[in-house]
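What follows is a pair of complexes built around chain A, which joins chain B in one and chain C in the other.
Take a look at the complex of A and B:
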């Protein structure tokens, strides 16, 4: 079976899953449904020739589900019934549908699926084995050609963790007594 | 092109959730969906029909035109990890808001000024 057919199937599955995730009332089911969508994305990466990404996405999905369930499931396990504004929803759907229709013209100019424009990466593919000694070219790109990008990633991750700890800590800094 | 359109539709589903839902948790999940679709779109752009994984093998000389584009994959690898940090940060903020206001409903969180 060609890759396209598999991808149609997986993408349709993901779209249905995400709509279900947004519309289910029970929040635990909702979080688990988004986990299913993420695992579908991992499968799609596997079909698109990106096994590293599939592994990372798999681990990300599990961690994300653990964080979200730990954070929210206990607080709102009951069925939630928030009222919604029907006119607002209709207006949003109409606007998004018009954006979708307009985007068809934009997507026509992109290179068609399966024929990418490879310019910079041509050199990576040809030279990476000799220049970096890495067998996996993605590793060569991350840790050698674009290492500052990775440094920035680590900085962002560190900042996010720091922010999480700062927000969640129980006690603030003790005020120094006036002497 | 239909694949790109489906991917964009997934993004629009995420946008729909982020602008119409009143539940903070649903908004976090919707932003996660938008992230999924963007990652998938970048990797879709990189695919080459019938190409192999960009991993070199000793003794097996694969020409460069038979591998998928490694650059978007490297960028998406970065993006996925950052998404995890962002999700954790948003969850922490939502927990704090819940402790202060006893609700996840964004229309009832009105005391934000001053």
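Take a look at the complex of A and C:
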């Protein structure tokens, strides 16, 4: 079977998973359906020929699921039944339909699959081995040509971890001084 | 290894299996990092796998078992030191070649383990940073207890 059919199958599976995640009332089942979406994305990357991304997505999805289950599954979180007003629903449907119609016009002008506009990738494919000495071209791009990107990513991660520490610490600085 | 907290964590079956699997996961993470410039993967994926091996140990044996061996302060420091070293690599490149984050170690021979200049070094720093950081995020989120009332 060609790649496209597998891709449509996986994407359909992911859409079903995300809808199920919103509709299921039990929070553990809901977290597991999030995992289905993430692992489906990992499979999609694998079919598109991007093993690096697939590996990162797979591993990270497992870590996210463990954190979510460990942090939220045993807590008693109130699940409030969503009351749907008729005018709100109509407005939401109209906005979604207009975005859908506009996106049809927008996506028509996109370059076709596998034919990008940016030509710099050809230079990377041809010259990466000579210029950086790295056999894995993706590593050559993210750690040599585009290393500023990686620096930004590291900064974002550092800030996120700092935020977690700050919010979840036991005693604040002010309280410790007062004692 | 002596276990001072035998009542925490999961059952004996899980603990016994964990003893066989946890170092395999850890070494796989290190392999992914060290071969980051030769095979798929790299610092980020390897770092997450290293963090997952710590998470595995925590889930099976309880958090006190891990904290007795690896100090929380040491993890925090390692993460911060790795972040500083990443920036320092860029500054050394600026000092030697005149461009921030320029490759100052030469290219080396293609397809060998010690090649690609500073890429393996950056991979190891990113692995330490991501691994320690994500494990600490897991630890804080999993051991957080909201106050009653």
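Following the convention adopted for this analysis, the second predicted complex is superposed on the first by the 158 of 179 C-alpha atoms of A that agree within 3 Å, B and C clash if a C-alpha of one lies under 4 Å from a C-alpha of the other, contacts with A are read in each partner's own complex, and residues count from 1 in each chain.
Here is the rule we use: contacts are C-beta pairs under 8 Å (C-beta built on N, C-alpha and C of every residue); 3 or more make two chains touch, one makes a residue touch a chain.
Since this is a predicted model, take the numbers as computed values, not measurements.
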item	value
Which superposed partner A:37 touches (first chain B, second chain C, both, neither)	first
Touching partner for A:15 - first (chain B), second (chain C), both, neither	first
Contacts of A:49 with chain B and chain C, given as first, second, both or neither	first
First, second, both or neither for A:164, with chain B first and chain C second	both
First, second, both or neither for A:94, with chain B first and chain C second	neither
Which superposed partner A:147 touches (first chain B, second chain C, both, neither)	second
Comparing the two partners chain B and chain C, which touches a greater set of residues in chain A	B
First (chain B), second (chain C), both or neither touched by A:136	both
Which superposed partner A:63 touches (first chain B, second chain C, both, neither)	both
Touched partner set for A:5, first chain B, second chain C, both or neither	neither
Set intersection of chain A contacts, chain C complex versus chain B complex	51-52, 56, 60, 63, 67, 71, 129, 135-136, 138, 140, 142, 150, 157, 160-161, 164, 168
Footprint of chain C on chain A - complex, ascending	51-52, 55-56, 59-60, 62-63, 66-67, 70-71, 129-136, 138-140, 142-144, 147-148, 150-151, 154, 157-158, 160-161, 164-165, 168
Residues on chain A engaged by chain B in the complex (per definition of touch)	3-4, 7-8, 11-12, 14-15, 18-19, 21-22, 27, 30-31, 34, 37-38, 41, 44-45, 48-53, 56-57, 60, 63-64, 67-68, 71-72, 75-76, 80, 82, 84, 88-89, 92-93, 96, 99-100, 103-104, 107-108, 110-116, 118, 120-122, 124-126, 128-129, 135-138, 140-142, 146, 149-150, 153, 156-157, 159-161, 163-164, 167-168
Residue ranges of chain B touching chain A (in the complex, touch as defined)	1-10, 12-17, 19-23, 25-26, 28-30, 32-33, 36, 39-40, 43-49, 51-58, 64, 67-71, 73-78, 80-89, 91-96, 98, 104-105
Chain C residues within the chain A interface of the complex	32, 36-45, 48-49, 51-52, 55, 59, 79, 83, 86-87, 90, 101, 103, 106-111, 115-117, 119, 122-123, 126, 129-130, 133-134, 136-138, 140-142, 144
